[in-house]
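Right, I'll just put the structure down here and ask away after.
Order as written gives the chain letters A, B, C and D; numbering starts at 1 within each chain.
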Amino acid sequence: MAAILEVNAVSKHFGGFTALSDVSIRVAAGERFGLIGPNGSGKTTLINCVSGSLRNDSGSIAFQGEEISRQPAYVRTRKGIARSFQVPRPFHTMTVLENLLVPTAYVRHLKDSEGEAQAMQILTDMGLAAKARAYAAELSQVELRKLELARAMASQPKLLISDEAMAGLSGSEVDEVLKILFDLNEKGITIIMIEHIMQAVMRFSQRVICLDAGKIICEGAPTEIVKNPDVQKAYLGA
Amino acid sequence: MIFSLDLLTEAVIFGVLLGCFYAAVSIGLSVSFGLLDVPHVAHPAVMILGSYFTYLLANQGLDPILSGVILMPAFFVLGVLIYRFYYESFEKRGSEAGVRGLAFFFGLAFIIEIGLILTFGVDQRTVRAAYIGSSWELGDYRIPYRMLVAFGVALALTLALTIYLSKTFIGRAIKAVAQDQGALRLMGANPVRIKQWAFGIATAVSALAGAMVIVVGPVEPSMDRLYIGRTFCIVVLAGLGSMTGTLASGLILGISESIVLMFFGASWAPAVAFGLLLVVLGIRPQGLFGR
Amino acid sequence: MPLAKERGKLLMGNFSFQVNAKVQHDMYFNNSPWNDASSWSDGFFAAGKKAGAKTLAVLAADNDFAQNLANGARTLAEKAGIKSVFDQNYPPTTTDFSSLIRAIRAAKPEMVFVMSYPNDSVAIIRAVNEIGVGSQVQLFGGGMVGLQFTPIMSTLGSLLNGVTNYNSYVPGMKYPGIEDFLKRYAAKAAEAKVDPLGFYLPPFNYAIGQILERAITATKSINDKTLANWLHANEVHTIVGPIRWGKDGEWANARVVQAQFRGVADKDVEQFRQPGKQVVIYPDAYKTGDVITPFEKARSAK
Amino acid sequence: MKYWISVAVILVLTLGVALSPVNEYFFFAAYFVLTAIALSTAWNILGGYAGYVNFGTPAFFGVGAYTAVVLFKWLGAPLPVQIVAGAVMGGLLGFGVGLLTLRLRGIFFAIGTIAVIFIMETLMINWRYVGGATGLQLVRPPVSVPFDTYARMLFMVIAVVAVVAVSIARYVQDSWIGRGLRAIRDSEEAAECSGVPTLRLKLIACVISGGLMGAVGAPMPMYLSFIEPASTFSLNYTIAALGGSIIGGMSHWGGPIIGALVLSTLQQIITVTISGEVNVLVVGVLLVLFVVLAPEGVLGLFKRWLRSSK
C-alpha cells in the first residue's frame, strides 16, 4: 500500500532536552496505526510536529509524497491532516455546531448554509446532534472528546490523528469512541491513534509503534508489541 | 556630536553602573513574569510605590536603602495579596495571560499611579543621604556615589536571588513550578502556595528596587511608564527567569543607553530600551540567555 | 489677551513673556524686568566676555519659552563673536542630567548658558556638583528658572555657589521703598505660609498696584483708554525702580539682574536676606560686586 | 438593512445637531465621547475578537495625528485626505508591529505595543519639522460650510469616523474573519489545526484596528489647532480604548459603544465636578472591577439579566 505519511529521521529539542531523536515512521493509506509510550516519551511532540503545531529541528515529514515539515499547521490541515487534542480545546464561546463551522469555512470554504448541513451530519453520526446548540461548558467529558473528533472530521481529512481521545473515559464510553473511529476508518480515513489505554489501542490498531524517551523502541503488530520486553520495561519501569 | 575615546570610556563606565541598577529594578519582574508567567505590567508601578514609601521613611531621618529593606516584609505581604487576588480571579478560571489578566495589571498600575498623584502631587521627590550628590574621583573620571551604591545593592540582590533559587528547597520548587506545575503537584507541593511565596519575594525585592530608584534620581508618579520598557526589555532579553541573564541584559541596556545619551542626547534615550525590546521580540524572543 | 483687546480693557501683565508680540494690544503693560529674548542673557554674556570667555555651551529645555530664550542667546553669542561648542535641547521629562553634563565637560566650553525649568534646574545643579563641568568654565547659569524660589534655594544650599543666574530682585539692590515692603511682607508671609523671602515676584505684584494707583491719581480717571495713554507717556516710580514702557507694553529698558551665588550654606533660609549671598554683577547701575571667575573658583569663594 | 437605516438616521440627526444652536461645550464633550467610542471599537477588533491586548492605542492614534499634521503643513491637504492618510499610516504601523510580535504569545504583543508608543513619541520629539517636544501651533483654514465653527464641523467629522469604525467592526464580526478571530481567542492552536491561518488573520485585524485608530487621531490636531508629543501619546488613550471595550463587553460590536459611552460620559462629568486625575482613577478602578466581577462587561450583565427575567 502507498504511504500516506512518511516521517523520516525527525528530531526535536527543547533547550537541552531531547524530546524526539531520529524518529522514522511510515503510515500506509487507510491504515489504523497505534502510537504508544509512557508519559513524556514524545508521542505528543511527534504528532505536534506532524500536524504543524511544532517545527521539527531536523528530518523530513512527507504527506502524500509532499514535504510538509516547513508548512504552517493550517496548510497541513487544508491538505488533509486533522487532529484532536489530548486536553480538549473547544472554541468555548461558540456552540458545538459553530465549532464545526470553523473548519468547514476555513478548510473547505463552504458557505454557512452548506457547512451547517454537513456539520449536522457529522454530529448525527457521532451522536452529538442533540447538543448542536450547546456550549462547551455544558458538555460532559465524553461529549467534549467527541466534539474534538467531530471538529477534526469537519475538515474532511485523509489522515486523522487522535490524541488520547479516551483518557479519563469509562469502559462503555471508550467503546463508544472506538466505534466512531472504526466507522471513520471504514470510510477510508487513515487513523493514527495515540493512546495510554493499552487495551483500546491494541484492539484498534493494525500496527503499533512504541516510543520511549524520544526514540522508537519497537514496532509491530499489537500482539508482538505486548510481548516485547523493552515495552514492558518502559511501561512498568522495571 | 563630540566623539572621543575618553568620553566613550566614561559612557561605558557609567553604563555598567546604570546597567546594574537596571538589572536590580528588573529582577523582581524576572521572578514574577519570567518564572511565574504572570503578566505583571504593574511591576514598575509597585516599585515606584516603594520609592514613595522610602521617601516617607527617609524623611523621618532613615537611610533610604535601609528604608527599602524595612519595607520588604510589608511588600512581601502586598505581593502575596496581589497574587492571591490574581489567582482567585483569573488563573483559577484559566484566563491568566489573556486579555483580562493583562487588563487587571494595567488597571492596577494606573490606580497606583493616580493614587500617588492624588497623595503626593505630580512634583518630583528626592531623598537625602551622604552618598547622594557627591562623587568618587578616579583620575579624570567622577563616579557618583549614588550609582556605586545602586551597583552594590544590585550585585548583592542578584547574587542572593540566584543562590536562593538554586540552593534552597523552596527556591528549587519555584524554579520547578516555572517548568512543570503537574510534576510539582506529584511531588506533594502545592504550586499555588509556591507561586504565592515567589510573587511575595518578587514584590519584596521591588521595594528595595524602589528605594534604589529614589536614591539614583528624583521620582514622580508617572515614572513607572518608562520602567515598563526597561524592565520588560531586560527580562525578555535575559530569557525568561534567568537571574544571571538579567544582570547581563541589564548591562547591555545600561551601556547602550549610556552611549546613546552621551552621543545623541537625552531626547533619544527613552527609545533605547523600547527599541531593543522590539528588536529582541522580533528576532530572538527566547532571549539571549534563555533556558 | 485677545479677549482684553476685543473688549478694549487695560491689562497689566505679570512676568509674562512676549505675549503681546502677536496680539499688539495697545493697552497692555507687562511688569517684568525683561522685554525681548536677548534681554535675559545679555548680562550673562557681558560678564562672560569680560572674563575672557570665547566658547559657549547652550543647554535648553525643549519647550516654547526656553527655546525662545535660547534662540535669543544664540543670536547674542554670534554677535559677540562667541563660538558655540555645544548646543543641545533636552525633553522636559529628563530627570538625569549626568550624561549631558559629562558631554558638556568634554566639549570644554568657557561659558555654559542653561535655560531650564525648576525640576530640571535642581537636577542640573546636582549633576554639575557630582560630575563637574571642567576648570575652564568661567561662567555657569544664565536662564535657570527655579533658582529664585526660596524652597529650591534652601534645598540646594551650598550647591548653588558659583552659579550666575538671572533674577528680578536680590537684597542689596537700591530700589526706594523695597526694603520696607519686604519687611512688611515677611511678617505676613510667616502667617500665610507662603514663600518666606518673597524677592522674586511679590515686589513686582505690589508695584502693579503702585502703577495703577499713580496712573489713577494723576489722571483722576478710571477710563481704560485714559490710563493707558498716561502710562505710555510717563515714567512711573515703584519699589522695583523707575519704569517706562515701550510701544509693545514691555519695559522700555530691560533690567534683568544677573547675580552670582556665593558663600551659601546648607539648610538656612535666613541667610538669603543679607546682601552678598547673591552678588549682583549686572546691570552696572545696581551692581553689588564683581563676578568671580572661573566657575570652580567661585564655588569655594566666601 | 435595519442597521443601515439606523446609521442613516444617526448621521442625519448628528448633522441636525451640528447645525442647531446648541451650546459649544456640548460639541467639545461630544468630540471626546465619540473619539472614545471609535477608539474602543477599533481596539476591540483585535483585543476583543482575537484576544490580543494592544496597549499601543496612543501610538496608532498619534501616528494618525502626526500624519495629518505633516500633510497639512507640507501640502495643505484637506481634512478628508488627512484622515485617509492617517488610517493608511496607522494600518501600516499595525502591520509592522504585528509582523514583529504577533507570532508570539499575547503578552509579548502587549508589551511590544507599549514599546511602540514610546518609540513613536521619541521620534516625534526629535523631529523638528513637526515641532519637537515643544509642539506645533496650526493655523486652521476657515471652517467649511455649512458649519459655522470648528467644534461643530469636527463633531460631524468624528461622528462619521465613529460610524465607519462601528460598521467595519460589525462587518468583521459577522464575516468569516470574525469567526476565525473568535476561534483564535478561544484556542489558537485548535484554530490553526482547524485550517485558520492565524497569523494572517491576526495581522488583518491588527491592520484594520490600527488603521481605524489612525483615522480617529487624524482630526485631533485640527480640533486643538495644536499638536505636541506628550499629550498625543498619552497612555490615557490606552486606558480609554481598553476600558471602553472591557466595561462594555468584548464579544459584540455593541459592547465598546456602550462601554465608551458610559465611561467617557462619566469622565466628562467627573472632570467638570471633581478633577482630571480622579477621572482617570475612576477608569482604572472600573476596569479592574469589571475584569474581576463582570468579565463579560455591561453586555454580559444585560444578557444575564435577560435570562433570569425570562
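Just so it is clear, a contact is a pair of C-beta atoms (placed from the backbone, for glycine too) under 8 Å apart; a residue touches a chain by one contact, two chains touch by 3 or more.
Bear in mind the structure is a predicted one, so any value in this text is a computation, not a measurement.
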item: Shared interface partners, meaning chains that touch chain A and chain B; value: D
item: Chain separated most widely from chain B, comparing mean CA positions; value: A
item: Most heavily contacting chain pair (counted by C-beta pairs in contact); value: B-D
item: Rounded Å distance between chain A and chain C, as computed from the means of their C-alpha atoms; value: 80
item: Gap in Å, rounded to a whole number, between the CA centres of chain C and chain B; value: 41
item: Distance between chain centroids, defined by C-alpha means - chain B, chain D (Å); value: 31
item: Intercentroid distance (Cα basis), chain D paired with chain C, Å; value: 45
item: Junction residues of chain B, two or more chains touched; value: 267, 270
item: Residue list for chain D, restricted to those that touch at least two other chains; value: 125, 133, 185
item: Overlap residues in chain C, where contacts from two or more other chains coincide; value: 62, 89, 91, 93
item: Residue numbers on chain D that touch chain B, as the complex places them; value: 47-48, 51, 53, 55, 100-101, 104-108, 110-112, 114-116, 118-119, 121-123, 125-126, 133, 185, 235, 238-239, 242, 246, 250, 277-278, 280-281, 283-285, 287-288, 291-292, 295
item: Chain C-facing residues of chain D, complex; value: 125, 132-135, 230
item: List of chain C residues in touch with chain D within their complex; value: 62-64, 67, 89, 91-93
item: Complex interface listing, chain D residues touching chain A; value: 176, 179-180, 182-183, 185-187, 189-199, 251
item: In the complex with chain B, residue positions of chain C that touch it; value: 62, 86, 88-91, 93-100, 102-103, 106-107, 119, 122-123, 126, 129-132, 159
